[in-house]
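The following pair of complexes shares a single chain, chain A, combined with chain B in the former and chain C in the latter.
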Partner chain A sequence: MKVIIDDKEFEAEYGEYILDVARRNGIHIPTLCHSDAVPGQGSCRLCIVEVYERGKNKVVVSCLYPITGEIKVYTNSEKIHRMRRNIIRLLAARAPGSEYIKKLKEEYGIPEETRFKVDEKEKCVLCGLCVKACEKLGSMAISTVNRGATKKVAPPFEEPPVDCIGCTSCAHVCPTGAIEVREYEGKRVIWNRTFELLKCTSCGRYFITREQYEYMKNRHGIDMKELLCDRCRQKSTAEKLVSLYKKLLVKKTLFQCYRLQKD
Partner chain B sequence: MNGMVQVPRRTVLVCCGTGCLANNSMEIYKKLKDKAAELESGFPVIPVLKATGCNGLCERGPIVQVLPDDIFYCKVSVSDVDEIFERTILKGDVIERLLYLDASSGKRVRSFKESEFYKKQFKIALRNIGQIDPSCIDDYIERGGYEALKKALFEMSPEQVISEIERSGLRGRGGAGFPTGYKWRQCSKTNDFPKYVVCNGDEGDPGAFMDRSIMEGDPHSVIEGMIIGAYAVGAEKGFIYIRDEYSLAVRNVSKAIEDAYIRGYLGRDIIGSGFSLDIEVVRGGGAFVCGESTALMASIEGRVGEPRVKYIRSTEKGLWGKPTVLNNVETWANVPVIITRGVEWFSSIGTEKSKGTKVFSLVGKVKNTGLIEVPMGMTLREIIFGIGGGIAGSGKFKAVQTGGPSGGCIPEALLDLPVDFDSLSDAGSMMGSGGMIVMDDRTCMVEVARYYLKFLSEESCGKCTPCREGIRRMLEVLEDICAGEGREEDIELLLELSETVKEASLCGLGKTAPNPVLTTIKYFESEYLAHIKEKRCPAGVCKKLTSYRINADLCRGCGLCAKRCPAGAISGKQGKIYEIDQGICTVCGTCREVCRFGAVEVAGRATE
Partner chain C sequence: MHEKPGEGILKVKSILEKYPKERRYLLAILQDIQKTYNYLPREALNEVRDYLGIPLSSLYSMATFYKALSLKPKGRYVIKVCDGTACHIRGSLDIVEEIKKQLSISPGEVTKDGKFSLETVNCLGSCALAPVMVINDKYYGNLKPAMVKDILESTGD
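After this line comes the complex of A and B, so read on.
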């Protein structure tokens, strides 16, 4: 079906989200809480757009608004721009410590905050991606606690989380770099819990926590015969492929020779 | 004729709603019951005692009614019980001093129905409350209960039920006023099973107790409404979500469900119709946001009570991703009446676009505080000055706040506004679930806005940025203004933030949260300016912007203010003009309260 974004016509599947169509066609809409790995948050509200549908116009989040009829979308109208600036200002007042937010602030020309009280060290914008990622991977070690202005992300009772396996998915998915991970001398510290790291049997680099290894083995039945880090596993897989290909090539050549002989 | 002499009965209804219970009505009920039990047989009257739900007139509780004599006693205390029993219950005499005193005429009224508070009301959702014992299913059945269910199950098809509700024009009483029939139709059209019906009893507005009273006082009407709704849309499972603080509501609804199962109105093959429905009670943890439909559903599912975007409606994907009809307590309670009495009757009540009645909890600075039900379209003036009896105390009317914390404040100039869904939202406020708080001229409107934003900033679920951060920053600005730290550009800033919070928030909580700020700026901007520019609070509420002075022309030198001042800040001699020492004064306002000559005046911030 057809959809008009910023006065240009594009093709879209029924039920496809505005953001996906826009991105596919090179239209930039800023996002923060959107991740292809854990979609469906709709919490940061940065990706708001104006939609005209059946004579009515409304402000919606493009990451979750499904295209089901003829609509016109404006991704950066005057109203949207004004409100998005306000949202960035609010985000910046909350988490001025984040590099990503600083960049957004610059992009939208937002002056230094002088009206609100600001906590310079704060980086978290409470988008909820870390909690979603942890939930999706099955550990459910962290959650949002409290509500309203006192809401935060934390492990149960703010103690080192028992269910955490130290996989750092939460830190990876975090758009503002708010989750701290430290690694030293074969140890990894995240959420105030210290994990022992295991070495790669090939290159000797520390790369996985014991809990991660056990988790994969017990929960998913993945038993790594040899402990290989990502880089070494890629290398070893590539080597295996090359040797397989070589063998196939030899076989193919022999087969061709045989056919030639027969003919 | 069998020759038996029928002994006359006298029904005694003791209000055991939460308000009256707090004033010891249970003791009254127990004592009356004991006395009735002690009565020897062969007495010419048999007293029948019933503990009922809330009568609405909480301000005059505890309330005792005697039928069929139709005598209505207010502010009854345990010490009155003996007299009531001996004189009224046994002999039918009226005890004059306990009768209701009309605030406007100053006359005592024998029957509740003749009182100014009751006369203009029209009871549909509250039809049985105060008349029946909510724990007794027979009381409900006696007043025509479950007749609508029989009619729907045996005489109507689900399609007919939906079209009846559609034609009645019933709109959701939870706040948004969404057409109920349309919602049901959407759900019934969705071909996905199982389907659910949910009752939203998570009333959380400060000062509101409409749904609570219905659940406590007439739980079967809600259950009957839900069974009819479930039959119409094809649901086989229902949930009643009640906040856990409402312990009496939880108890009465649970008992009602149990009784309904025993009588065959719930469970498999309901009264032989082949239709089945199970209903269970879910107790909420008391988060305000869980009154939002999708957050409520998340809470029932056992997840964190956060809303989701509603681009796909709950009637398609609701509880556990299945089609769900969620209605407010009051909406459900309206359904059986519409089915029994018919569409024509129901739609003749109310205005063109808002049919039927609405329950309000009328509170604040009004003489008759309590629970009322009026036809849509009645004006605010009729409600506040008619039913409410006008402003309590010596103050003047200033504003009325409707729609709960995210409603707006309506000024005197709009008092003739007819109360319905559309006119209230046009005025910048909303119907909400029906809270109505009356404020007098000793209320500071900036402080009111600050109060509601404080509530909302704590009750926002915190999921989306505009609501969580926006409300918090707006509150910061309002706190500054109340403390005399307001800046010239603050009003502009509040308006701009309001737009973003209103438009870009995820759910209804955020979308309506700026209403208290927007309406107070719209109607009372001068108060904001006085706070910001003149550093003074005209109502004398914001302590940092207020000082009290004694007007020498008005002071009679009675010395009452000096006697009552807790800080000892007032000095002077009897017969001479008194004076307040601004250095000692704590701005508590006691002197202003006690002065009978209005000599204590409000001034701006003390200069010392």
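After this line comes the complex of A and C, so read on.
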């Protein structure tokens, strides 16, 4: 299926989202709430594009618009640029504390906010990615609470969450760095709850909370004899592969020798 | 109004028994609990979580989303003053001020004796009666601040 993005022709699968096709072909569309790991938010509206389909044009969010016919897409037309500027201005009024939003503000030349009262420290844009990540991972410790102007992301009763395993997925997926994680002396603090950290059995680095370890054990039924951090696990897997390959190589050589002898 | 913990949980159990263990009944269950206790006690929420097998965060999210649900006890008489557009321009804030003066509570609070709680709502759908308020199920329309005192005094157990 053919799709024209910014006057260039590209191939796309039926039902593929515009954003994915654009990204694959090196066309930049700014996003906040899009994550390949937890797709389908569509709440920040930053990735809007103009679509021309069957003689009509409309503005859609590219992260959720499936390509089902021959369409022309403009990712940075005058109209889109104007609308995106407005969106960034509102996002900046909501979360002026975020570095990423500050960068966007600069990039799009948006003046300092004078019309709305802003909370300079606020970083959250309420996109809901953190809640979705927590849900996907299955501990569901946080959710959006309240609604309207007082809506926010918080654990139940705004107390240190009982269901949290301290995996920091929420903080990692957050596009604006709004979720604070602190680590010190074998402890990790997130959502005001303090977790004890476990060490990697190979390099001795603190890397996982006890709750996270137990959770993995129960969910995947794996009883890990050694507790390896990402780096050491990669290394150990690579070493295992090398030794396996070496063994195979030896076997192959022996087999060849044997055949030569036989011949 | 105050339930002993043991009795409370029994009541929650009898509410839960009426519903199948499916998530779609969550709101109905919470409404029933709200009706029974005038608020959602924390132990009750824990019971609901265990019964339906859904995380506490989802419960808390719903409990804070709907105005009809509250996590703090409400008064036996809930005063809802309409602050929709029609009521607002016809002086609903003066009514709120008068109630504040009479009961010394602000919107969202309960009187010390637990009799009244005050809240403002966005529209009661009775704009022709503006400004209007409703105490439990009784409507009072065409209000003037001077009428508030009598209404509150005539509202009794």
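Worth a mention:
Going forward, the second predicted complex is superposed on the first by the 263 of 263 C-alpha atoms of A that agree within 3 Å, B and C clash if a C-alpha of one lies under 4 Å from a C-alpha of the other, contacts with A are read in each partner's own complex, and residues count from 1 in each chain.
Keep this in mind: a residue touches a chain if its C-beta (ideal position, glycine included) is under 8 Å from a C-beta of that chain, and two chains touch if they have at least 3 such contacts.
Remember, predicted model here, so these are calculated numbers, not experimental data.
Touching more residues of chain A than its counterpart among chain B and chain C is B. In the superposition on chain A, A:R115 contacts chain B only, with no contact to chain C.
Shared-chain residue A:M83: touches chain B; no touch with chain C. Of the two partner chains, neither chain B nor chain C is touched by A:R193.
In the superposed pair of complexes, A:G42 makes contact with chain B only, with no contact to chain C.
When the two structures are aligned on the shared chain, A:P155 is found in touch with chain C, with no touch to chain B.
Legend: residue contacts after superposition of the two complexes on their common chain; A:I142 is shown touching chain C, with no touch to chain B. In the superposition on chain A, contact is made by A:D163 with chain C only, not with chain B. In the superposition on chain A, the residues of chain A touched by chain B in one structure and by chain C in the other are 143-144, 146-147. Chain C contributes residues 42, 55-61, 64-65, 71 to its touches with chain A in the complex. Within the complex formed with chain A, the residues of chain B that make contact are 287, 289, 304, 308-309, 311-312, 456-466, 468-473, 476-477, 487, 493, 496-497, 499-500, 503-506.
Of all residues in chain A, only 134, 140-147, 155-157, 161-163 touch chain C in the complex they form. Residue ranges of chain A in contact with chain B, taken from their complex: 42-46, 48, 59-61, 64-66, 79, 82-83, 86-87, 90-91, 93-94, 115-117, 125-126, 128, 143-144, 146-151.
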